[in-house]
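To keep things clear, I will list the structure first and then write my remarks on it.
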Amino acid sequence: MDWSRILVNVAGEIFAPTTAAYALAAIGLNVHFGLTGLLNMGQAGFMLLGAYGFAISTIAGWPLWAAVLVAIACAAAFGLLLGIPTLKLRGDYLAIVTIAAAEIVRLVGRSTALTELTGASSGLRGNSYKDTFQDASPFPDGTFALGPFEYSMNASNSWWVRIVGWAVVALACLLIWLLIRSPWGRVLKGIREDEDAVRSLGKNVYSYKMQALVLGGVIGAVAGIIYVLPRAVQPDSMGRPMTFFIWTILLLGGAATVFGPVLGSIIFWVSLMLIKSVMRAGVPESVMRTEQIEQFGWIIVGVTLMLLVIFRPQGILGDKKELAIDVR
Amino acid sequence: MSADLPRGHVPAAVPHATTASGRDRVTADLAHVAHTPGVPKPDAIVVADQVTRHFGGMTAVDVGHLEVQRGAITALIGPNGAGKTTLFNLLTGFDKPSTGTWSFEGRSLSGVSAARVARSGMVRTFQLTKALSRMTVIENMRLGATRQPGENLFTALVPPLWKAREQEITEQAEELLVRFKLDAKRDDYAGSLSGGQRKLLEMARALMSKPTMVMLDEPMAGVNPALTQSLLGHIQALREEGTTVLFVEHDMHMVRHISDWVVVMAEGKIVAEGPPEDVMADQAVIDAYLGAHHDTDLGDDALLDDGSIEQLEAEEQANQAAAAAAATTEEGPR
Amino acid sequence: MRRVATRDRSTAGVPAALGVLLLAVLFLLAVPGTARAAVAGCVADAATGCINGTIRTADQQPAVGVVLDVEGPGGSTQATTDAEGRWTAAVTEAGEYTVTLDETTLPAGESLRDPAQNPRTVTVALGSSTGALFPLGAPADAGGGSDEDPDAAPDPESTAPADSAGEVGAPVGSSDTGSFSWGRLAQQASSGLVFGVLLALASVGLSLIYGTTGLSNFAHGEQVTLGAIVAYLAVQSFGLPLLVAGVVAVVVGAASGWLQDAGIWHPLRKRRVGTTQQMIVTIGLSMALQYTYQFFFGGGALRIVTTTPTMVTLGPVRISATSLWSLLIAAVVLAGVAYFLLGTRVGRATRAVSDNPALAAASGITVERVVRLVWVLGAALAALGGVLMGLYLNATSWNMGGALLLLMFAAVTLGGLGQAFGALAGSIVIGLVVEMSNLVIPSDMRYAGALLILILVLLLRPQGILGRAERIG
């Protein structure tokens, strides 16, 4: 077993772009669930929309900033559209509607009717929309090695994506840190506890929930851009499992905390990579085939989610007294 | 919003059970009002007309006309299922009526959302207390304040824009907590308070917005007797400040003791109105109650004479100390 | 979460359900047939199956003039891609076909991304279209991977696994988007009815569980898959007759329901774990189960029976005999469930618990026993639904239930959360919408259409078709 290679791979996950994208998506979900108590089961839909919005407008020749704005606008519109029918209803309706809406985005995106635009089920190739982002890099081309970690400077799965991705994560953390401590955050927390009480105190609960839904969704859309920058836009890889991973990450790190989503994402991807690499290296093909190891990893994720919610719903960073899942 | 009150106005820390002035003023105002359902009041703050609410085939509320006197403590009583809470929900915008209109301080509130009703100065509490259990007591209180610039998403990102107001409402909250004897619990999670303390917290939180009218849904339900007196005192103190109080209550002793006017509902309709002594002797009221549950104690007649009331007041004074002590020792999540 | 609202208090739901059904049919009949022109060449009908695909060059231009040979039980045929890169081949017999792409006919400079996938073997059913894809491009294309095989070599970046929900296979009798005709309308409506009734088997259980415990069970789809997979195992590995296999599947399903409640949900309720928390637990369970199925049975289609279905002609409609039997079994079982809920003591107790658990407990009903019974019943119904659905769709797979879950939720929500009869009506509406939306929108969007209806219903009538307005506070 090549331990040093495994360790490098595993350590690489700590600052991989995927880890950053999931952390960011979980921060968005934290605004929904951790702060406001909204059960958004369609965060992957926001991400996919963001990815499509960015990629399609870039392919159409729009500059980087405009493409990012398009992604943000798509997610904001999607949030508004979902919020209007459901935010006045009970929480489980929002769960069902968001999961359904995310599926609609995926099903429409992969439909052959839109092949021209979305590339149907084979998606949009990474090289068709990466250029504007890569051109924005101040670094020279080529590869760069930092200790054992060697990645290309700008192309695809690069240092440039990592730097931008984690900078955005840091910015989002700062935003949440400010909001959690503000009266705005207090109103959201009140809504999470009992929205009728907050309504009786003269706050427009509907408007606050809408703001939270849109803000978290927009963060999700930016996460979607970061997610697809090192790869391709593939609708089928951004379906329900993705949403469920984001939930696992959020609950692992601790909902309603500032750094919970970031810590959750790092732990999630590092341990998944560790389990899978060790099994790939250590378990003979006759016992478990390569793709079975992959599935075994996901089974572990599912079981982890169950155990977490039952035995440590506040996650790693959460406060037991203020755990973010219903007490009523 | 009793804006005429000076900011930082500190009401008496130990509320007086009955002060002559407030009660006398209201009694004088209501002296010449007829004791018939739907009667007009000299200075009505709430006027409701033809308000009905149906659930499926059942009519929960069918109120022809109702006026609530400004500055008075009005009790809304009636047997279970009489539609009291539903009427509350309708008036405060938490439920939509099948028909009807009503106004508050001359402005129509029909179809106005619950939040806007509250912002216009009519704040309510709930039968099942809605303390926000995973927030601290002081955060609960701050949430009650209105006109907070920091409650806007964009302003919230720039603390200097809202710190001043935050300071202001924190001071206001601390004063109220002292008055409601919750100051020792300032930084505890509201979920750790006893049932009675939650009722107090909910009421104090409602007062943060300096409302013109407070609607209390069964303020005494589930409250430890030791805290009852203190709650009664707070309600009467509200009248002294000129705040209108409308409350739903089952405890007839309390109704008799503090209310200036009583409205009786049965099967969704208003069946009687009048001062407590008269209403409790009213045959229609007795019928309404006896028809529903025979064991209701409509208040002891011995309490009617002045001597008994004085005795009660003396007991109350004595109870204050005990209540305060009990309030601080009462502990633990339920 | 406060549980207000929308509960079934009377038997009035049954006629109302039928009324809704009728209305839905009328509504759908009124939808103008703005159908698009058929894809040239092959229109799938009861006697014809289609194999088709689109071939694009690495830079997403259509590859024109590529020749493909199709060979199988129905003989051999040849197809050539048109100006848009599309090709299609019609076959007249169901079964496995080998599609070979003639690499010499590819545009200059193009090659197959995965030469090992040529020739490909596809399973064709009559009355439906099957895709056979041949992606072009450099074999080690880093940017745009293919979604052909979700189990492809693990990506070191560990992307989420492909979720191929929505492609569970086309039911026998349904056809791809094509021109409008009354015959097609009748064909699609009958498919929709069968699909809806089978879906109802699964949704009624979901609804009963929600009604009695307040839990939205996201792992209910896996109960459906369980039924289908057990039947597949019983028939294919143990050689049992289909009927026996079905019974075994239902018994295993019921047992799993009992075990699940005894092992997970009962203890959680005792610990007073909230329903939101429990709901997230069901999501974890659903993931664990789905990948467990995939772990053991792989990602491909599993056919419970491999024989070609016998077709029966009823007026304008051609339907497989299996579907007819499934419809009959499902109808009898659903009638049995209705009798159980309305006519038996235990059933009435179940509805009482659904109405108001505290009151039911106070009046001497052992709520926990009723809940256990509901789990057993719900899981057994889901397993039966899984077996029949697996037969109807001609194959099952690890994520069949997962793909159907949202349609079940749509059905349950449509009928009013927690109402058993509402779930039945909702399922039939969803079934009709899914199958009949083929007439107006591309068939790969048909599930999306059903989910869109769900959102629209919530917008207009949040309490569901049969629900009542709720009292607040």
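The letters A, B and C name the chains in turn, as written, and every chain counts its residues from 1.
One rule holds for everything that comes next: contacts are C-beta pairs under 8 Å (C-beta built on N, C-alpha and C of every residue); 3 or more make two chains touch, one makes a residue touch a chain.
What you see is a predicted model, and the numbers here were worked out from it, not measured in a lab.
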item: Furthest chain, CA centroid comparison against chain A; value: B
item: Pair with more cross-chain C-beta pairs in contact, given A-B and A-C; value: A-C
item: Euclidean distance of C-alpha centroids - chain B vs chain C, Å; value: 54
item: Length of the line joining the C-alpha centres of chain A and chain B, rounded to whole Å; value: 46
item: Mean-CA-position distance for chain C and chain A (Å); value: 27
item: Chain B residues counted as touching two or more neighbouring chains; value: 94, 126
item: Overlap residues in chain A, where contacts from two or more other chains coincide; value: 196, 327
item: Contacts with two or more other chains, residues of chain C listed in rising order; value: 472-473
item: Contacting residues of chain A [partner chain B, same complex]; value: 175, 178-179, 181-187, 189-190, 192-194, 196-205, 211, 215, 321-323, 327
item: Of all residues in chain C, those that touch chain A in their complex; value: 1-2, 4-5, 54, 60, 135, 141-147, 150-151, 153-154, 156-166, 216, 268, 271, 273-277, 279-281, 283-292, 294-295, 299, 402, 406, 409-410, 413, 417, 441-442, 444-445, 447-448, 451-452, 454-455, 458-459, 462, 472-473
item: Residue ranges of chain B touching chain A (in the complex, touch as defined); value: 92, 94, 113-116, 118-119, 123-126, 130-135, 139, 142-144, 146, 148-153, 155-157, 159, 162, 166, 189, 191, 202, 205-206, 208-209
item: Chain C-facing residues of chain A, complex; value: 9, 13, 16-18, 39, 44, 82, 84-86, 88-93, 95-97, 99-101, 103-104, 106-108, 110-113, 115, 119, 121-128, 130, 156-157, 196, 230-232, 234, 236-242, 244-245, 247-248, 251, 269, 272-273, 276, 280, 290-296, 298-299, 301-310, 313, 325-328
